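Worksheet: the structure to be examined is printed underneath.
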Amino acid sequence: MADLIQTLERRIDRLRVAVREAVLAGDGTRAKTLRAELREADQAWEAALAEAELNRTEPPGLSRESQVGPDAGDGSSTQSSLLPLREQVYEALSLLQVPAAPRLIATVHEAFFATAFSTTRVTSLRRDEERSFRAAPFTRPYYICSALIADFLSPARALLAVSTWPMESRVIGSLSPRVDFLTAAIRVAEAVERIPGPMPAARRLLWRFAASIPGAAHSSGDVHPPTIRSAAEAELTVHADADSRTRREAAERARRQLSDVEQLFGIRLKPAGRAAGAVDGDA
Amino acid sequence: MSLLTALARVLAAETGRAQPIRTVRHVHLSGRPLVFIPLQLAGEACAPLAVLVGDDPGRPAMLTVHEPRDRTQRFDFAAALAEVILGYINSYSTVSTAPDQPYPDAPQLLVPNPQGAAFTRLLGRSTRFRRTDGEFAVKESVPLLGRWLSFYAERMEVPAAALLVPMTTVLADHWATGQSAAEDANLAALLGWIVPPPGMTGAAAARAAEDPVRFPPAGPATDPSFDNEVLEPRIRAVRAARVTGDGGALHRAQTAMEAALRTQLEPTWELMWRAIGLLRTIDEGAHVAERWQSDCWAFTSHVAHLRDGGFPQPRRDGAVAAAARLARLERDQQRLNVQRAYDDPLVMAEYRLTGEAFAGTVTEAQSDRLDTTGKRAKLRPWIVVETAEQVSAAPGTVLTCPARPGQAAEIIEVAPAGDLTHVTLQLSGGMGRALVPLPGSVPAAGETISYTTLRDDFQSAPRFPDREQTPWTHGGPPPEYVPPVSEDEAEDIA
Amino acid sequence: MTRLASPAELARAAADAIMADLSRANRGVVVDSPPGAGKSTLVVRAAAELAAAGERIMVAGQTNEQVDDLVGRLAAQLPQLPVGRLGARGYAVPERVAQLSNVQAATNATDLAACPVVLGTAAKWATVTEETPWPWAIVDEAYQMRSDLLLRMAGQFEKALFVGDPGQLDPFSTVETERWLGLSWDPMSSAVAVLLNHNPQIPVHTLPVSWRLPATAAPVVSQSFYPFTGFTSATARSERQLTWNTHAFGTSAFDLALETAAEAGWALYELPHRHTLRTDAEAIRACAGLAARLLERGASTSSERSAEPLPVTPSRIAIGTAHRDQALAVKRVLAELGVHGVVADTANRLQGREFDVTIILHPLSGRRDATAFHLEVGRLCVLTSRHRHACIVVARAGIPELLDAHPSVDPVHLGVPAKFPDGWEANQSIMSHLANWRVPAP
Amino acid sequence: MSPTEARLARLRGRTPPRRHDARTVAALTVNPACARRALMDAAGVDKQQLAAHTGYPAPFGQSQFAITRGNAFEAQVKDNGAAQLLTLLREILGLDITEAHYTDLNEVGGNQDSELRHVYTKQRLTAAVMGTGTMFDHPLLRLDVAGRYAYLEPDLIAFRHRGTFHIVEIKSFAIVDEQADPAKVAATAVQSAVYVLALRDLLGREDAVHHETILVCPKDFSNHPVVAKVDVRRQLGVLRRQLTRIERIDELLALHSDELTFDLDPGEDQRPRRPPEELANAVRTVNASYTPECLSACELCYLCRDEAQGTSGALGKMVRADLGGIEFTRQALDLARGASPGPDREEVAGLLVEAARLRQEILGET
């Protein structure tokens, strides 16, 4: 066993050198194949080590040099939830009540529901939802869908919404991102006020909102939800009319022009030529 | 740069071996230096990845940050590093000395290159304002380390100082290679030129040393191909293991990451100690000890400053502090230039080449000549020096002879004599009180001698207003200084 | 219909405006003075008027020569005004100052308590310790003064008039550090820069007329080095003549260059392209040779200054270089040629001085690469703005190509205002002008 | 296709062209003396691949840690309708509270076609004057470089109502105590200047785009953004001049044979098949101006460095200057050892002999 591990380690070292040499020599193709070999070797090595572990009696103490850093100290403290992802996303979006990007959704969920999930999974979620809707429309109580760009009614990059929301709140004009940000700030502030002892994560999230709203942030860095709410509302009133006008217009257009599935997941501009025309039409 | 150095580089290029451009070592080298080789994570302002540090070539201590973006681990690393570095520093500050005396010796940090020194400065800056209480408290030793590293980084700006020394800078100051200064920044390549492996030219050795796979860069930046092909998978493994909470896997992943980083540090460790050995073979310049003495003073007063609860170094200098520091730096710079030239004929040769200095032989000496124009007669010997070298100084200029620094020699006449030049000099000072010069104090006929316009005419330190007296032209008196505390919320590494 | 104001009127109006601001200033006034725009005249007038108003004025220059010149002018114009000359220990009062009856010299300010106006170098003032600050200071050549020196002497006065030429060389330091870059009180930057950083309300005036530069030079220098403010020449083209007392037999390149310069106010004596050491023997010989030939031909100038023509004596000719070793080499060749009294010096040491004819060795001549030093805008500005009549530039061919090939990779420091005009562009502009007055060397 | 384009296409051969981008345009100012680089960039040659194939792979890569960090920071300041950025812009540009528009130009209706994005960018930017835009995320600009379009993508363009447009660059190098790495700031300044030119071009008005660009960086050691204004007037001047110089690319082409090509002859697996030595020789027929500075700037540096062996330039500009006009180290050494100099080399020869004598006197060298 031990010598198998050693042979593997020697092989891995050789391969790493080889990969780097290929990369430095600008030979991408060779680097690719070598990387594949390397992965296999790595897995074999992992397996061999794991097996060796089992035969060992005492659990491994941390090596002399790794005394730096308690290895649990970061992020991993929050455990992952039992709920399916779509429902966690739903929880977060329902709290915010505005379209949001995966990063915000994840942060909110971690802050208020104490469970973390990777944003990459959230991104793929949209596709799954679209697939299931196309397969059997309206069979679920809600779908995680896209927010739509007002100009084109195309899916906004990485903005998720809930199918049951009114179309007005799901279309995005040029002021909507700001409006939705302020609205989200208000919702988060309310949530923090609701919960008796909010987690530090929640307060930190609220502080981040406050930092980007005039008159909301305490210099001291501590968060005061009522102040944040009123500050957000104050700026909100400035944008509200202009924004809702754009949104109403776009929402009507969407309801008029789009099929059910398109209303949830948007349409895409066809490649150039015709597309350019479409742009002109919009301008 | 000078033609002399240019010629040395040409020689190096043509002979395939670095050429000496100094006859003595102009920097103090501690008997027990602390070698400090940091690596940092690419793309971050100052995220330590690993260091190899120690004062014993045989036993370097290696510290690793397995999750370089995690602030807790970053400051635990700082604490661990503090143990090593503060321990080393204390071994010099715990010696007992007379109240008005500096410590007999001072701790010297050696880093591979200027970037290593810059990292030292940033690490100091990022830790010296840390709070030791509250939500983001760090160990007491962390801000202390920060203040020491900041002290070393600031001291390095002083022209004559040797408390923190980048190795490539010293080597390049003593040897000319057959490559460009830009390429000299690579420690391995530089040493390749100076001491090529048997059967290899310096040029070949330097080229070989540019292969980042065989000769990892001396840090703090790591080689991108190492980052992408080696380090990234290692860090990913550590993260994965931590998430799954599999202790065995975590241990394996961490060991593997450390092993990988070790391969990037150890070659440089070897090079550093080879360079140290190499520099030790050169005798120290005459003024080096004197300069080291002022380093010891600087060290001593910083120890006192800390003991007396002084403030940490501010982010930037105030108006008065800046002006005062500039004045000090300029005086040190001038003194250093003079001392280096006096200590080292090769340095002086650069001035001889431009006519700011010349060497020749004394052909006449009226050593008992008196100047009787004043009320009292003064001893003012005249000598004539014959030189084949260019003399650019005009009559009236006061020259100095490095061998007789206390004696001023005013040019009376510069007269061409065939293709030689006769320089008549009037001497004053350094000959004793009497009207008869002390024996040997006046150069005798036949003596070979050199004179230069370089003089360390010591001016007393200029006076500056107190901080509270900062004039309106410079913004008026600044508010009372309170050391900033780093807003941890702001610096929390998201 | 309104007549255009004459240069003299423009100048007077500007000076009056400055005086008006002085009287109501609560901190001070800054006056930018392009080459030969009557800086000293202004200093003398300001000193006189403030003294007349019963104020005590300290005047700070940068070098003893500058201060002595000022003392001379001030004492001569106001014979009844007691003028104090504060000097450091070891400073010897020069003859031209000593002979003035109303000048009193001392190394200690308290010995000059009787003088309403006291002049000294800024460095000397920085050492003075007096309880009561002076109500007024006049700081001359303030753009060549480093802000750390201002810091040391600013405690001495309450209000100040700062005059200087922003186009000349910036102060420098023997140490290299980026430590203070971006600080409003960077000790390495000029006194004026720091002053204005902290006192933006201080009015900045510009003198609009150059009394030195001829009509042939003012527009070129103005647009190359003072693009934002600009200035005009006090004299019309016809008012400045450079004429030869002898005729040249045949036309050597030297004579051609000299005549072109006399005609156009400029000449580019162009040596064949070659990369050389900075002490390019051929170029050095050309500089000295041109001076020698000029004296040999015998030149005289006629100008607004005097009715009948005045001879161009050696002391009215300067040869300007970038480096000290170049100036030394020129001196050596001049000596070989038996020419005495012609001034040969570096740009730094020619600052603030004036000649009839200047011959300059272009900083970029024969170079392979341009460095920040050789591109420094102030250097070229000083060299091309010392003359009353003509400026002959000696250079090897290929400078425009060198400029085009110059990599622009200068570091950019946050909070440090970009220097304008940029040396690279100023050089381009001067070269394109000189191209019209090219005289190829044999 | 104009004769010039045809000629450039032949230079490039079958290797797919690399378009000019902000980096390559900025490179015009880094070593304008280099005909080799000018020609290759004009022809859109893949210098990286070419260097690798000739056996002189470029000595620089990019660490994915740096890339990740850069992207993460840009994403962070642009999150939630660029909330963080808006706060900074409000403070540094004095934006009105109503000016909070955010327009995503990364794609047009889910389509990323460059042409389309450029057209849409133009529409939205010109419409901005009607108060319908404040922040424009990744607009796609275009600049005519020697007759070929370069598509340029600034991080963001900010518009102040009734005011001017500002180029905004988001970089992940830190501003520590108000100071940042001057080399990195300089590089950003040139890049931003390229964008300014392109934007002025697009709007057809010089004064519509401010010469002060806005740099957004992390503060000290945190992830929190700070802004600084960077005046790019100098960079604009240099760029304009260099852009007009490469307009004269024909003059360069005229110097070389019609047969000259840097074709890599890629096989179906896209791997180059052309004999490396043949390719290298083709490269060598075009003059390079190698300086050690190239080592951190140009993909071809190792090839050119090898070529420059034995020249004084290879030892650095300082040495080259100190050696006056002497081209080769061998020549310099001979002169130092007393070889008789040419007619116009006496002074430097004299100095070299003197220098050699001094070294000899002090070190006993011969």
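Observations on the model:
By letter and in written order, the chains are A, B, C and D; residue numbering begins at 1 in each of them.
Rule of thumb we're sticking to: contacts are C-beta pairs under 8 Å (C-beta built on N, C-alpha and C of every residue); 3 or more make two chains touch, one makes a residue touch a chain.
Just so it is clear, the structure is predicted and the values come from calculations on it, not from any experiment.
Identification of common neighbours of chain B and chain D yields A, C. Taking A-D and B-C together, the pair of chains sharing more C-beta contacts is A-D.
Taking the mean of all protein Cα atoms as the centre, the chain whose own Cα mean lies nearest is D. Chain centres here are Cα means. That of chain A falls 34 Å from that of chain D.
Centroid to centroid, with C-alpha atoms defining each point, chain B and chain C lie 38 Å apart.
Spacing of chain A relative to chain B, judged by their CA centroids, is 49 angstrom. Chain geometry summary: the mean Cα position of chain A and that of chain C are 64 Å apart. Touching of two or more other chains is recorded for residues 61, 178, 293, 351 of chain D. Shared interface positions of chain B, i.e. residues touching 2 or more other chains, are given as 225, 228, 316, 490, 492.
Contact annotation for chain pairs lists A-B, A-D, B-C, B-D, C-D, with touch applied as defined.
Contacts from chain B toward chain D in the complex involve residues 1-11, 13-14, 20, 23, 41-46, 122, 125-126, 178-183, 210, 222, 224-225, 227-228, 231-232, 315-316, 345-346, 349, 352-353, 389, 486, 490-494. Here chain D touches chain B in the complex through residues 59-70, 76, 172-174, 176-178, 218-224, 292-293, 295-296, 310, 312, 314-316, 318-319, 322-323, 329-330, 332-333, 336, 351-352, 354-356, 358-359, 362-363, 365, going by the rule given at the top.
Within the complex formed with chain D, the chain C residues making contact are 178, 181-182, 274-282, 366-369, 371, 404-415, 417-418, 420, 422, 424-425, 428.
Of all residues in chain B, those touching chain A in their complex are 62-67, 70, 72-73, 76-77, 80, 211-213, 223, 225-226, 228-230, 233, 242-243, 245, 247-252, 254-255, 258, 487, 489-490, 492.
Remark: chain C residues 27, 126-127, 147-148, 150-152, 154-155, 160, 173-175, 177, 179-180, 183-188, 191, 194-195, 197-199, 325, 328 touch chain B in the complex.
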